[in-house]
């Protein structure tokens, strides 16, 4: 996996989300450049579980400090990512659909070459969304980026 | 870039969208597996130009037939991708923001190992969105997938 | 065209909107039951023209009094009808689509057998929506009902 | 009930939805022209039940094949119809409202005179929506049309 | 608290909502000018409880007559207020957030100096919204105004 | 105007927005407590002008530093405020409505007694929204609060 000087925090989070075998390499590569990265997965028909899974993982791995100032930025990043993931009504169960997804959270500069815009957090949700019936589902992706 | 047996049409479109140097390799790899792929770019404060740029590129490169049945699927895929890209109000100029993005369109099976669910089209928009002021922007991504 | 005792103001407005040859019969039938009805048409890529066309027709034919109390109810009925017509982003031009539609406005009781709930206004938009290219369009309908 | 040469699939679905006594006639008339039509009803405060009721009826009566390619088109048609029916927040219970409605699903050409645009599916929801209190409700309609 | 001649029904409802110690004074002041005013509070993760709390308080204090014509206007005012309060997805629990708020409802003229536009109802929701964790919350406000 | 110990940044911004004669007093009172406050007004049918007016006033009065980290928080606060102000489609001109409003921006702690959650920015829009016809308008309010 090559990487441009201008690689953004979003591309880092997307790359990690769609990576099949290179998770450790991606994480190591960008940790060296000062980023914090995590990847997890969650399956849910109840959307709130996605928010909870991402928040829990982030706090457990100390990606953000457990204060409201930072949690607020994280919440908005998750909310935007989920909004983009849903592409319409921001809902799962009530519109009879379910999802299984991986999430990635990356904290650091806006891009690997940016030093002047402070810290940001990127949340990516990538997975399968569809009817609650095996195989009746297709991929979706959503990303939210917030200053932190 | 390795690739799992189950690589989905969405992951193909995302990979091509965030690729810096491997466009030709990705396109060649998946053309061999029966996919049609294109990549283009467009900058706009007027959202309709993004729809127009994707439609024009798709027709010019014969990704879909120029009939309404297929164009309708394409339109919905673009619309969902743009909705996800915007993560809230589906608007650019009226909420004082602008964007420069690359788009990818992939047509083929739902995944490289799927043969029974017919043809689909995936549209990915990936780029920078922000205030109409240089450098005041961050990344965004949106994807729409439709049966065709 | 038969008619149930419980025919609602919405069904009256829908019937008139989708009628091909029976406009006069429908209007006469329900005028006798105390309703005011109008039907018009408008084509537009600029959504505000739809609002303007309905408002103008309503005022010109004295369906509502030209005061803000009644205009506010009419506006909300048009807005809901247009929202339903769009089935997603409440937009035309910015998402590269255009429409040609007929609109109907009906004022009167909630249903032909209802006397105790006061006056209401129903607005129906029914037409073709699609790409700005002849024949690349399908039908849509939207309805808003407000107390007045 | 007269019928224009250009009667669209949407108008067929709307006519059947608002018909009081002519269901069999409408169904027979359009079956002869190559359409499949069904009509059912469902009452729910939980929106997912509306999706489930339509899907179940469609599969039971073989309007679409039980594969994901066709189910996906049906799901989007239901989703758009429900979106239009709600005219704002795509929700029932959480915004304290409930509904009782009839649904119609029609499969066939875009219009009775169209032969070149392939098959489409139209879903109409028409009923009463309002507070969970008898009589505190008014009519609503929503329609979604998808290529299939 | 001084007051301009043109004070609107919205400003009255907002003032009462954010008032800490002056509730009685505000209520008395505007009752003399012909307004009906109530203030209540509700805490909920389930959004429907907010709708129910406002409706119940309004009926119990006879701000509106318990018929559908007036209840419909009230419902729309609550719905708009809640929409504004949420500033995005019109949801609480499903996007993992909760709220505690005060609500005010004011019925009367559009402004204290307006006599020609009939009666209106204003609903304001003002409170704290955030994660279901003590102190992880910030203020929000929403207002809906309807003719009645 | 009395003030509770727990007065929040949102209540400060709302109070200043609806104040008729006490602007200087409110500004002075909260400047002493460490807040920065501004108030301005803008009339527009083009929504982007509202965003531009608030941003320009904020930069001109040095409420935030002119870097992207802070501008991003401001943009989101304006966007949420405008979303709440619109209470539905986030649009003005395209749905044939216009507005004249005052805006306030307050920067400082989440509440006057809070010291541990860092700095925040609150944006309030309060004004009249309606048809582009004098007097056919009612009040609206929207508020967005972001960590900065």
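As written, the chains take the letters A, B, C, D, E and F, and residue 1 is the first residue of each chain.
Going forward, a contact is a pair of C-beta atoms (placed from the backbone, for glycine too) under 8 Å apart; a residue touches a chain by one contact, two chains touch by 3 or more.
Keep in mind the model is a prediction, meaning the values are calculated, not measured.
Counting hops only between chains that touch, chain B reaches chain E in a minimum of 2. Distance from the centre of chain A peaks at C, each centre being the average of the chain's Cα atoms.
Averaging Cα coordinates per chain places chain B and chain C 36 Å apart.
Separation between the centroids of chain A and chain B, computed from CA atoms only, is 19 Å. Note on chain placement: the centre of chain A and the centre of chain C lie 43 Å apart, centres being C-alpha means.
The multi-chain contact residues of chain F, meaning those touching 2 or more other chains, are 68, 72, 83, 88, 91, 93-94, 110, 117, 120, 135, 138.
Across the complex, chain E meets chain D through its residues 46-48, 51-52, 55, 68, 71-72, 75, 79, 82-83, 90-94. Those residues of chain E that touch chain A in the shared complex are 88-89, 91, 93-97, 130-131, 135-138. The part of chain E that touches chain F in the complex is made up of residues 1-4, 7-11, 14-15, 18, 20-22, 80-81, 83-88, 110, 117, 120, 122, 124, 126, 128, 135, 138-145. The touching residues of chain F, counted against chain A in their complex, run 67-70, 72-73, 76, 110, 116-118, 120, 146-148.
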